[in-house]
Structure formats: structure tokens, C-alpha cells
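Please go over the structures that come below.
Look at the two complexes coming up: subunit A is in both, with subunit B in one and subunit C in the other.
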Partner chain A sequence: MEKVWGDKKAILFFLFPSFVILALIIITPIMMSSYYSLLDWDGFGKGTFIGLNNYIRLFKDPAFIKSVRNSLVFAFASIAIQLPISLLLALVLAKGVKYERFFVTVYFIPVIISTVVIGQLWMKIYHPEYGLLNMFLKTVGLESVTREWLGDTKTALIASVVPVLWQYIGYHMLLLYAGIKSISTDVFEAAKIDGATWGKTCIHITIPMLKPILKVSFTFAVVGALKVFDLVYVLTRGGPARASEVTSTLMVETIFKSNSYGYGSAMAVFVVVECLVLYLVIGKLFKEEV
Partner chain B sequence: MGRRLMKGVALVLGLGMVMGTIGCGGTTAQPEAKTSEPKQAAAANKENKTDEAVTLNFWHIWGAETDASYNAVKTVIADFEKEYPNIKIKVDTTENEAYKTKIKAAAAANELPDVFSTWGGGFSKPFIEAGRVLAIDEYLEDGTKDRMVGGALANVTYGDKVYGMTFGLSCGAFFMNEELFKANNIKIPETYDELITAVKAFKAVGITPMAVSGKDTWTIAMYFDAMALKAAGNDTIVKTLNKEGSFQDPAFLSAATKFAELVSLGAFPAGAAGLSKDESDIDFLEGKIPMLFNGSWTAGTVYREDSKIKDKVIVRGFPVFGDGKGNKNEFTGGAVDAIMVNADTKHKEAAVLFQKYFCENMARETYLAGAYLPAWKVDVDETNINPLTVQLAELTSQAEGFTLWWDTLLEGNDTQIYLNALQELLLGSITPEEYIAKLETIYQK
Partner chain C sequence: MKANLLMGAEDSIKTTTEPPKQKVSSGIMYSLLFVWAAIQIFPIYWLVTFSLKGNSEIFGGNALGLPKEWLWGNYTKAIVNGNVGRYFINSVIVTGATILITVIVSLMATYALTRMIFKLKKPMNTLYMLGLTVPIHSALLPVFIMLRNFKLVNSYTALILPYVAFAIPMAVMIFAGFMTSIPIELEESACLDGCSIYQVFFKIIVPLMKPAVATVAIFTFLQAWNELMFAVVFISDTKYKTLTVGIQSLAGQYTIDWGAIGAGLVVATIPTLIIYIFMSRKVQDSLVMGAVKG
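Presenting the complex of A and B:
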């Protein structure tokens, strides 16, 4: 291994292809978007350079501010609801339950289903007339709670958050599960000999040792939530009246429906910066705790 | 086991990386696969030109089997390929809403196909201003123009040049389930007051009167466009939307107030704001909702196989307003669906040839299919045509004029302001006055 690290050619050989790909499909578009974001441009003709005006407009645009807030709701829900569930599932499964592999697969299934299919599925669940959710509520006598989940400005956001959380629980569970499985069994055996219960082992051994993977999960959850687009687009198109608008849906609307390419690019750049900042914050948080 | 899993992950990632590099190398090394075409003198005669094998890329929106124009498009393209065996049409279709995004992206990147379907008015204006579309005036002087009905080119003429061809005329119309009206002893409304009476009467017997989809916002606009037309009349609307007037005109507030009145009466389904067009159509086609105001293509939908309301539906214009300036012979719509040719196409002659053939034959086929009213002078046997389409043709034969739909007449950003405000009006989250104030913001630029 050390030999390889010392061999500069080998490093170049392995890193160069991914660097090229990264440069072509990630870095270049970001640079281009940054440039476009300084233009007043409809996407077709020639744009006029307007400096930072698009950014100034961003922070005065109530629709944009609302969309950022909604994205943060997604991110918060991911951390506060999705990750604890994933962690719990991972801990229980890794402990060794019956049909362990089977459950791992089952929880992972939503991740591999196409988002549009999931969207259609949940649209049927939420349907005001024949939807499962309202039917269920009616059957148990909670008719007063039934509503038009996706058509009501009060519930549209939360109704779009739930499927997103549901879909990716399995993803984080698998990450954490693999992480737990890679912890040396010696540690667990030692804990057992010392008489630690499963709960104590989890809190004092598994979770602390899982920190690197937890950090990865945290990052993916937050960044993924800030970029969420597909499910929201299928479920509500960001509506009604922007109740469930997230930054990505607003950006697509701005660029392709309103033909404001420059302004939309400014939103894109904002999302990149937002993700980067939160990534650094998460890194910092995890470092301090260790 | 955990190790093995990690190893597996690493293997997959590694493989992906290798594949990625291979893919990368492949694309750069590959010679550009384009049909080589010997350059010909500009004066080459047409027969020579059409003899060479040509492949035209054609994008359109009628690819779903549920679409009333689906079979018409297939027939016309097949006929064309039979008649001109050297020209191949390579079709790519996308669903309407997604297509709007796709075609804009393609236009922005200068990657438009040779021939594509689009919409006249404000929608295609940026394409034309950016020089992406071929002006076809010179190709129309051979008598082609005379075979079209008046106004067929109105919405594809920009400046004084024609940039596209239309094939069908669409208009907004009220589709009413006569059986439901009769069963409940309700009069088919001719005026706004009668419409309110009908709405109340249907509500009283527990029937939701009108279908709309708040998620596909253009369906709300179908209603409001017509109401604004009845309130303000064609001239005021065109002037206002072209930014030469003001939404402060009391007629707009009158239309908005009436729309809000319908909302507050519960004329639209509860939860309409969360339903897509397909979902909201179902209740109408099942015969549960008596009224639907939408485009004339709905005639085709009413007669589709799974519809339970065939032969029960009649067509009317939007009820007139007692205090409005618009009369019953003014309609929303026009010849909007257009076919345009990429200005940079390598096969201009072939593309325009196809454009003409397609439009003229689509005019006939889609009329027969009940999807559009023809924008070309077609000679067909009307006995086999969808009866609703014939009714529509009768209704519009008295037309004094067509006012383009706002979302076509307005340009992108203004369309979004309009549709978003309208969605809020449907939700009842803003008052008619606030709605007008939001519309007025399109003047702030």
C-alpha cells in the first residue's frame, strides 16, 4: 500500500480520469452558472451583464425566501426524523434478528423504485376521495381530520416531506448497517463479557464508533434535502400557491417557464453555496464532538 | 461480512469509474455520425433535392395514446413517408408540459430538431427573436396560403414574416353533460346569472358542478380567460396583455370577482388545487361532474373508449355577463398549435415540404378525429366526425373573433405571474382586488 502512495504516476493514473469527469460535468457547469447568474438573460439571445443584481433580487423575492425555508424544513425533517429511524433500524438489524437479509432488502426497496412511481403511489394515498389515507381516517372515525392533503396549503409541504423521508430511510439504514457490521466484533464481545446491555452497547460503543458513517449520512441527508426536486415536482409542482415550493422547483420554473435564465442561475449558485456551507458546518460539528 | 459489503461497494465504484473513462474516450474518438450530404447549388431543382435520402428529426407532443390526435399524427407521418420514400421522419414525443421545458432548453442550446411542434404567440417569440426559426414566406406564395382559412397564420406571424404553420383551430368551450342537467331539472345556462343558479342547484343535490385542475394551472386559466373575455371584450384584453392598457380596468375586477364567487359557492371540487388534469377529468368522464370548460380538443376526450358520457354532452360558449362587454360570439383560443422549422436545418426544402404536408393533412385528420377544428380548407364527409366537433364547428362559425389564451399571448415570466396568481384565487387565499394587483405587476418592467 505504501508503495502505491509513494508512486506519483499511480496516483495520477487513478485520479486523473475522475478529475476529468469532475471537471467536465461538475466544475465547468458550476462556473458557467456562476457567470450566467450575473446576466439578465432569457436563455436565447444575448444577455446583459448586471453584476450582482440577480442576487439582490433573490433576497427580496418572497417566493425565493419561502422556497429556501421549505428546503430547510426538508433538511431539518431529514435529520430529526429520517436519520433516527434509519439508525434505529440499522441497530436492530445489525444486532441479528431473524431474516436479517430479507429486512435489509425490504427497507432498501423504496430507494431503487423510480421517484415518479413513488410520487404516483403517494398521490393515490393522498387522493381526497379514494385515497388510502382519507379512507383510513374515515374508517376509524376521524372524518374531521380528512382533508385534501396535497391541495391544501396547510398540509401540502408536510405531505411532500413524508414520501421523501420514507423513500430514503432505507438508504441511510444501509449505510449505517454496513458501518456497524464493519466494527470489529471483539469490541461487542468485550462489552458483553463486562455485562453491558444492548442499549448500553449501542449508546456507548456502536454509535460513537459509527461517527464517520453518521457524518456521511448527515451530509447526504442535508444536501439531498436541499436539492430535492423530483418528488415535489410530481406530487405538487411546488403548489398550491407555493406552499410546497422548494428551491429546485422554483429554479426550474424560473428558468424554463419564466425564461429568466440569469435569475434562475443565481438560485442554482445559491443552492451550491448553501450546500457547501452546511457541509462545512456538519464537518465542524462532528469534529468538535469527537 | 461487513468487509465484503464494503469491498463490493468499492468494486462497484471502481467499475463505474472505469466505465466512465471508457465512455468518455468513446465519445471523443467517435467520428461525427451525420448523414453526409453532397452540397448542391442553391438553384438545384426540387426533384433532385428530394431524391437524396434525408432523415428529418421531428419533435411533437401527441405521443400519448390517450391523446385525441395520436392516430392522426401517426397516419399523416406514415402517409408522408409512403409518398416521399426518400425522406425518413424520426419522431420524438414528449408530454405537453414537459415538452415546453424541453423545447425551450433545446432552443437555448441551439439543439432544436429539424421540425418541431410549438405554440404561436408569446411562447415562440423568444425563439424567433434569437433567430432559431426559419421564416417561410417564400414557400407560401405557391397557393399554399389560399388553402388555409383566414387567421390561420395570425399567431405565427412575427413582425411581418411568417415563421410557422398551423393546422388546427382550438377554442375554449363549455362541455355540459345534458343528462345530468335534465335529471336534476336544471336549465342549461346561457347567462352568468343562470350559471350561478345552476351551480347552486347542483350543489343542493350534492353534485360538484365544474371540473378543474389546480395543479395543472392552465386549466384554471381556461375558465378565467373566457370570463375575462366576456367581461372586457377582445380589444381590451389584447391591449392590456400587450402592455398598452391596465388591469385596473373595472372589467378585470368584475371577472375576478365572478370567479371568486364561483369558488366561494363551491363550484369547483374540494381539493382541486392538488389534482392533476387527468385526475380532474375522470370525474367529468364518469358523469359525476356536469360541466367542464376546456379546449375544443375535449370533444375527442369525451368520445374516447372508456368515457361514460358519450352522446350525453353538448357544447356551449361561456355564459355571457349582463354587465360585460364581450358577447356570445367571442371565443378564447385560435390557431395556436404550430409547426416550425429550425433555421439551421440542413434540409430546408425537405423540412418545409414535410411541414406543409403535415399541416394540411393534420388539418383534415385531426378534424376527423375530433381533436381540432381545421385551419385549412378541408373537404371531408362530416357524417363520421365526432358530433361534438361538428357542434363546435357550428358554434364557432358565428365567431366574431378569437382571443388567444393568456398563457400563450403573454411571455414566459408574465405567464407565470398570471398562473400563480390565478391558482391563489382558486384557493381563495387572495381577494379579487389582490389578484388584480398581482396581475398589474407584469407592467413593472
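Presenting the complex of A and C:
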């Protein structure tokens, strides 16, 4: 068998197609992006090598700093609002309620729908004249609160964050729910025999045992938030006056609207590094706590 | 120790005297669960109803109810005049090809990466898994330039290639988890019977991988069907626009005709919903599996 599995020709045959695609689309581009980020280049002709100047410019560019800050707002909102709600729902559902499957299925629906569709839908919800939100506020007598949610620099960012939270709560709920379901029922029975209430069981047994899944959820929430593009692109394109600009939308604009290929590539590299660092940091955080 | 015992006793007293209180709290719990279900589902209900209404109903008195007059014409408008039919076909082509290629090349790669023996196996595995953490941002511009050089901007290939590339790592991971659970003895006995390695792979392994293929197919479907960033940058020609980009054009074309936009959004969502309705368990499992293994 070892002879058969050591067949070099066969190994090449099996690996070749996927390897070529990965090399072409993922591996080479990382190197290309890193290289472009050292150039002053408009995408046509030859760029001039300017060393780390693009990176220096990044950290002095108020638009970029704002976009990073906004991306972090997305990440923070995910952790502070989305995950607790998801965890609570998962705990309640996994406890065994009536219509358990129904709830799980319904909560998950927004997750599978395209973010573009979700974005267009929320745009209508936020519509200043005919949107559901303002209509609702008017009906309950809060007319003074109504506004052009996406067009107001004060609310554009929050209005972009809400749909993302809304869409993915079901996702984290399902992850955590599956995690709880995979904990041996013996543990819960033992807790019951010892007289622990549901709340106590959650805090002392379920949540600590969920740590590996919580780490996954945490990582996805943070890294996902830093990569947000679709929803902001559809809702506001980062406007008004960059109030809701995130790094992804700024990068696409810098490259394809302003033709600053080098400078935009520096942003791309920044996102890659930022995600990588956060992967490591979250990994460390969860390890130390155990 | 004493304190523990005491606490335990207290708790057990509590639980024995709690039933009426528990009923109230479970009532609250169920109402909250249903309210949350409504929050998650209501916007979608609203979308479906306004896709069948005219502006007078949406903007007038009937924003929330079922349409008084069912305007199926909105759908004709979106599909024919708004090109949603075209976009839909493009999405089917791009997504279908992406799934097919991803499944085939990933199955092959997984076989080499889990079963076969070669020197660079470890680093090769790491390389494939690296793709899981790389954001697509880093590929956007370089791939665009490659496509431009090969005159492939505005083509199906422009989307299929990147979609496949970014689907491979996850597919390999899901496949690998499944493949390692297949007993080696099957392949060994086939080898003794004189099967070649290719026969072992195609006749024994591939048929056994069917459940994992379904998982990967669903995962890849959702990724490709809903992707926007590549699609927006690589495609500007209506002929090749997929639904995500197409919907953006539709919304620009019919800014004040909500019914037509709604119809387009519904059409874009129907395949996903159908898959979900018939395979909700499988869809959920595939997304959970993708996350947890990653």
C-alpha cells in the first residue's frame, strides 16, 4: 500500500489542479499586493518604488484612520451586542423548549440570504419618508426622532451596524447551540441532581465548557467585522462624508476610483495583517483564560 | 464543605417550591422567543409583500398588510426589463461551475493530502489551510490585473476562478475530516485485487464521500451566490453580471419603483430559500462544520 500511496505521478495528478488555482489566486496575489504597496502606481505604465511611504501615509490619513475606527466599531458591536444575544438564545433553545427546531430554523434564515438583498431591504426600512422605521416612530409619537438614518453623519454608522448584527445573530446562535448540544447530557443531569438551577448550570458548567466554540464565534465576529464590505457598500458606500466608511470600502474606492493602486494595496496588506494579528491575539486570550 | 451542602439544600428547596413561578417565567421566555422570531422574519415578510404591491399601496395606507391588488407585473418588470432573468442565469452558471470545480479538485487534493505519502505533505497541508485565514482583499487587485492582462475581465472565468480558489481550503478541510474516517482496509483490499490508485480513488473513495460533497456544495453555493466584492470589481458588462451586482444596477434603474426592486430581491433569494426549506438541517450543519473546523 505504501508503494501505491507513494506514487509520485499520482500525487502530482491529485494535487496539481487545486495547487495551480491556489498559487495563482491566493498565494501569488499576497506577494503581489505586498510589492504593489511599495509603489506609487496608478495602474497603468510603471510604478515608482517609494519604499514604506504608502504605509506612513496610511497612518496620517484621516480617512483611513476613520475607516479603521469604524471597522472596530463593527467588531465591538458584534462582541458586545451580537454574541450575548446569540449566547442567550442558544442557551434557552438548547435547554429544550417546545418548537425548538422551528426557532432554530427561523433564527437562521437571515444568515443564508445575500447581504446585498439584506442591504437593499434595510435601505427601504431606513427610507426617510416611506421606510418602516420612521413610519413606526411616527405612529408611536416619536416624530422628533425620525431622520434620514443613512444620510445623517450622526447615525449612518450605527444604521449600518444594525443590519449586520441582525443578520448574523442566528449564525452565532447556531454555532453555540450546536456546541451545547454536543456536551454530554450526563453533565447536565449531574448538575440537576446536585440541585443546580438552570442559570447556575449555564454560568458554571455550560459556558465554561463552551469555551472552544465561544472562541470560534469570537474570532468570526471580530475578523468578519474587520472585513465588512457588502453591507456598507450597498447601504452608504461609506458616506455621508465617510461617516460609515470601513477599510474595505475605502480600499476599493482608493484602488478603482482614485486609481491609487499602490496606496490601496497598502490598505489590503493592512487588512491581511490586522486579521492575522487578531487571530493570534484571540487565540492567546482564550488559551490564557483556560 | 458545610457551606456547599447548605447551598445545595437551599437550592433543592427552591426548586421544589418553584413550579408556579416557573410557569410565568416560561411564559415570558416563549413570548420572547416568538418576538425574536418575528424580528428575524418580519423584514423578509415585508419584502415579499411589497414586491407584489404598487407604490400607491406601499407608500399609502397599506405598507404592512398583504397586497390588495397582487401586482405580478412587478416580477415581469424586474426579470425582463430589469435584466434580473439574465443575472439569474449568470449566477446559476457561475455558482454551478464553481461548485463543480471546487468539489472535483478538492476531492483530489484531499486524497493526496490525507492518504498519500510524500516529503512535502506537512507544508502542503499548511499551505492549503493558509487559504482559510487570508482575506479576499489581498487578492482583489492582483487578480484584477491578471484578468486584465489576459483580457478576462467581464467573463464567467473572472468570477469562477477566484470563487473556486477561496472555496478550496474550506472544502479540503471538510473533506479531510470525512476521509480520515474511512477505514484504510477498503483501499488495501482493492489494491490487492489489482486496482490502480486511480481506480481506488474514483471507484471507492469518491462514492463514499457523497455526504461530505453535499456539505461542501451547500457551503460553496452560499459563498458564490452571495459574493459581491469580486463581482463588483471584475464585472461591469450586463451580459456577465451576477445577481449581487445586478441587483445594484436594478436598484439604480428603478429607484422609486419599490415593487420592481422587491421582485428582483425575491428572485435573487428564492433558490437559497428553496434549498434551505428542503435541507435546513444540512445547510445549518454545513455552515457550523465550516466554522468549527476553521
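By our rule, the second predicted complex is superposed on the first by the 265 of 290 C-alpha atoms of A that agree within 3 Å, B and C clash if a C-alpha of one lies under 4 Å from a C-alpha of the other, contacts with A are read in each partner's own complex, and residues count from 1 in each chain.
What we mean here is this: a residue touches a chain if its C-beta (ideal position, glycine included) is under 8 Å from a C-beta of that chain, and two chains touch if they have at least 3 such contacts.
Because the structure is a prediction, the values reported are computed rather than measured.
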- Task: Once the two structures are overlaid on subunit A, check if subunit B and subunit C clash or fit side by side.
- Result: clash
- First, second, both or neither for A:G239, with subunit B first and subunit C second: first
- Message: Quick one: is A:S260 in contact with subunit B, with subunit C, with both, or with neither? Answer first, second, both or neither.
- Response: first
- Task: Determine, under the contact definition given at the top, whether A:P17 touches first (subunit B), second (subunit C), both, or neither.
- Result: both
- Message: With both structures fitted on chain A, tell me whether subunit B or subunit C touches more of subunit A's residues.
- Response: C
- Give one of first, second, both or neither to describe whether A:K181 is in contact with subunit B, with subunit C, with both, or with none. first
- Message: With both complexes overlaid on chain A, does A:M251 touch subunit B (first), subunit C (second), both or neither?
- Response: second
- Message: Looking at A:G151 after the superposition, I want to know if it touches subunit B, subunit C, both of them or none. Which is it: first, second, both, neither?
- Response: first
- Message: Per the contact definition in the header, classify A:A80: touching subunit B only (first), subunit C only (second), both, or neither.
- Response: neither
- Message: Output check: A:P128 vs subunit B and subunit C. Expected answer is one of first, second, both, neither. What do you get?
- Response: first
- Task: Run through 6-14, 204-212 or 348-356 for subunit B and report the one that clashes with subunit C in the overlay.
- Result: 6-14
- Message: Just to be sure I follow: which residues of subunit A are touched by subunit B in one complex and then by subunit C in the other one?
- Response: 17-18, 21, 24, 43, 123, 129, 178-179, 252, 256, 261
- How about subunit A: which of its residues touch subunit B in the complex? 17-18, 20-21, 24, 42-45, 123, 126-129, 147-153, 156, 178-183, 236-237, 239-242, 252-253, 256-261
- Sites on subunit A touched by subunit C in the complex: 1-2, 4-8, 10-11, 13-15, 17-19, 21-22, 24-30, 32-33, 36, 43, 89, 92-93, 97-99, 102-117, 120-125, 129-130, 132, 135, 166, 169-171, 174-175, 178-179, 194-197, 200, 213, 216, 220, 223, 227, 229-230, 233-234, 248, 251-252, 255-256, 261, 264-265, 267-269, 271-272, 275-276, 279
- subunit A touches which residues of subunit C in the complex? 8-9, 11-12, 14-15, 29-30, 33, 36-37, 39-41, 43-44, 46-47, 50, 58-59, 63, 104-106, 108-109, 111-113, 115-118, 124, 127-128, 130-131, 133-143, 145-146, 161-162, 164-166, 168-169, 172, 184, 187-188, 191, 197-198, 200-201, 222, 225-226, 228-229, 232-233, 243-244, 247-248, 251, 258, 261, 265, 268-269, 272-273, 276, 280, 283-284, 287-288, 291-292, 294
- Item | subunit B to subunit A touching residues, read off their complex | 1-3, 5-6, 9, 17-18, 20-21, 24, 100-101, 104-105, 107-108, 126-127, 129-130, 132, 214-215, 217, 269-276, 279, 411-413, 415-416, 420, 423-424, 427, 429
